[in-house]
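Each of the next two complexes has chain A plus one more chain, namely chain B in the first and chain C in the second.
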Partner chain A sequence: MKTLHIVNKSPEKPSIMERCLNFSSKGDSLLLIEDAAYFALPSTISKITSRLDALQIKIYALEEDLVARGINKKIHGSIQIVNYEGFVELTTTHNKSSSWY
Partner chain B sequence: MNYSLVILGAPYSTQSTTTALNFTKALLKNGHNVYRVFFYHDAVHNGSELSRPPQDELDISTEWKKLKNEHDIDLVICIAAAVKRGVLDNNEALRHEKKSSNLSNSFELSGLGQLVDATEHSDRVITFGP
Partner chain C sequence: MNSNAIKARKKVLVILTQSPYGNALSREAIDYCLAAAAFEQDLTLLFTGDAVLQLINDQNPSTINQKDLTKTLSALPIYGINQFYVDSNALEQYGIDNDFCVPTIKVDVKEISELLVNADTILNF
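What follows is the complex of A and B.
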């Protein structure tokens, strides 16, 4: 049972991501959408990579939201970019999703 | 796969609705079925027939209308959340002795039972937070 965690709040509200990580299990995935796209910046994601790595969590970010914020070319190399069809695909390959907001 | 969506954020104030709209279009493009979209909390404002955004902005209400017409998607608005925010259909306007109603005919007001039903009949339920 893998869960797709969908986070939409910016790093300015760290408690949302904190809660998400506390409820994540090994092998889950994390999708950054809307203002959470800012987590994809290297300086920001580096603050939580040790916890993400320990849980072997794959990180994805929604392309449209990265582009809208002008950061699509600045994100950390470990983060995979997906468009809306990729978002749909992620919801098919994970049998559950949790939204954190 | 059968999908249902829960939308919680107000249109134009949050990105919730536009994200959900784009997701819905991608679902349909990929051959999935949308069983129901459930509008809860401030997302009930999606159902107002009276909203008129400027011409250079996305007309969210018209976007839902198009999806309703082309794919017959069930668009359900939580009745309790809607009535207290001033989104009323004819029945509710009469019941509460209001002079007019404003619910777009693409939507219907109903109870939380419709959300329970959606979770029962869908392979996936995706929530779009405010």
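What follows is the complex of A and C.
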């Protein structure tokens, strides 16, 4: 039973990501959309990579939101980029999704 | 899709994170719960973050021209909704731990992640 966790708030609101990580289980996935796309920057993602690694959580970021914010070429290498179609596919390859906002 | 997807009666976990009167989400969550209960869905409510503030008794929001959320929350058991879980860390953060408008079960981080795992569907308000 894998859950796709969707976060849309910037690192400025750390309690949202904190809650998401606290309640995640091993093998879940994390999708960064809207202002959470800024988490994909190496300096911000590095603050949570140890916890993500411990839970073996795969990280995705929405291409449209990265491009809009001018950071699509600046993101950390561990993060996989998906477009809207990929977003839809992620919702079908997971049992359920949970939006944290 | 697995067979759970076509099961008529789903285990729905409703996660509440918002304070009672800061926005409309707390009221919308209750509206959803009442509608889902009418369709005999298996509902579990989890209060975390600011949502633990929804449970405080003796609210009197007539002073800000709003309806008392606790009146509606405490009516949910009449509709067969009686699984109310509350995040113990959030309670600790606000220093409140009793005198709530519904009977609650306190859960820690690990128990909450199990609630997520055991749900068919998760809705966040």
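Everything that follows uses one rule, which is that the second predicted complex is superposed on the first by the 101 of 101 C-alpha atoms of A that agree within 3 Å, B and C clash if a C-alpha of one lies under 4 Å from a C-alpha of the other, contacts with A are read in each partner's own complex, and residues count from 1 in each chain.
As a convention for this text, a contact is a pair of C-beta atoms (placed from the backbone, for glycine too) under 8 Å apart; a residue touches a chain by one contact, two chains touch by 3 or more.
Keep in mind it's a predicted model, so treat the numbers as computed, not measured.
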item: Which superposed partner A:Thr91 touches (first chain B, second chain C, both, neither); value: first
item: First (chain B), second (chain C), both or neither touched by A:Ser99; value: both
item: Chain B versus chain C as contact partner of A:Gln56, first or second or both or neither; value: neither
item: Contacts of A:Asn8 with chain B and chain C, given as first, second, both or neither; value: first
item: Partner chain(s) touched by A:Ser46 [first = chain B, second = chain C, both, neither]; value: neither
item: Which of chain B and chain C A:Phe23 touches, first, second, both or neither; value: second
item: Touched partner set for A:Glu34, first chain B, second chain C, both or neither; value: first
item: Chain A residues contacted in one complex by chain B, in the other by chain C; value: 92, 97, 99-101
item: Sites on chain C touched by chain A in the complex; value: 1-2, 4, 15, 17, 48-49, 109, 112-113, 116-122, 124
item: Complex contacts: residues of chain A adjacent to chain C; value: 1, 3, 15, 19, 22-25, 92, 95-101
item: Interfacial residue positions of chain A with respect to chain B in the complex; value: 6, 8, 33-35, 64-65, 83-85, 87-89, 91-92, 97, 99-101
item: Of all residues in chain B, those that touch chain A in their complex; value: 1, 3, 8, 15-16, 19, 22-23, 25-27, 29-30, 32, 124-130
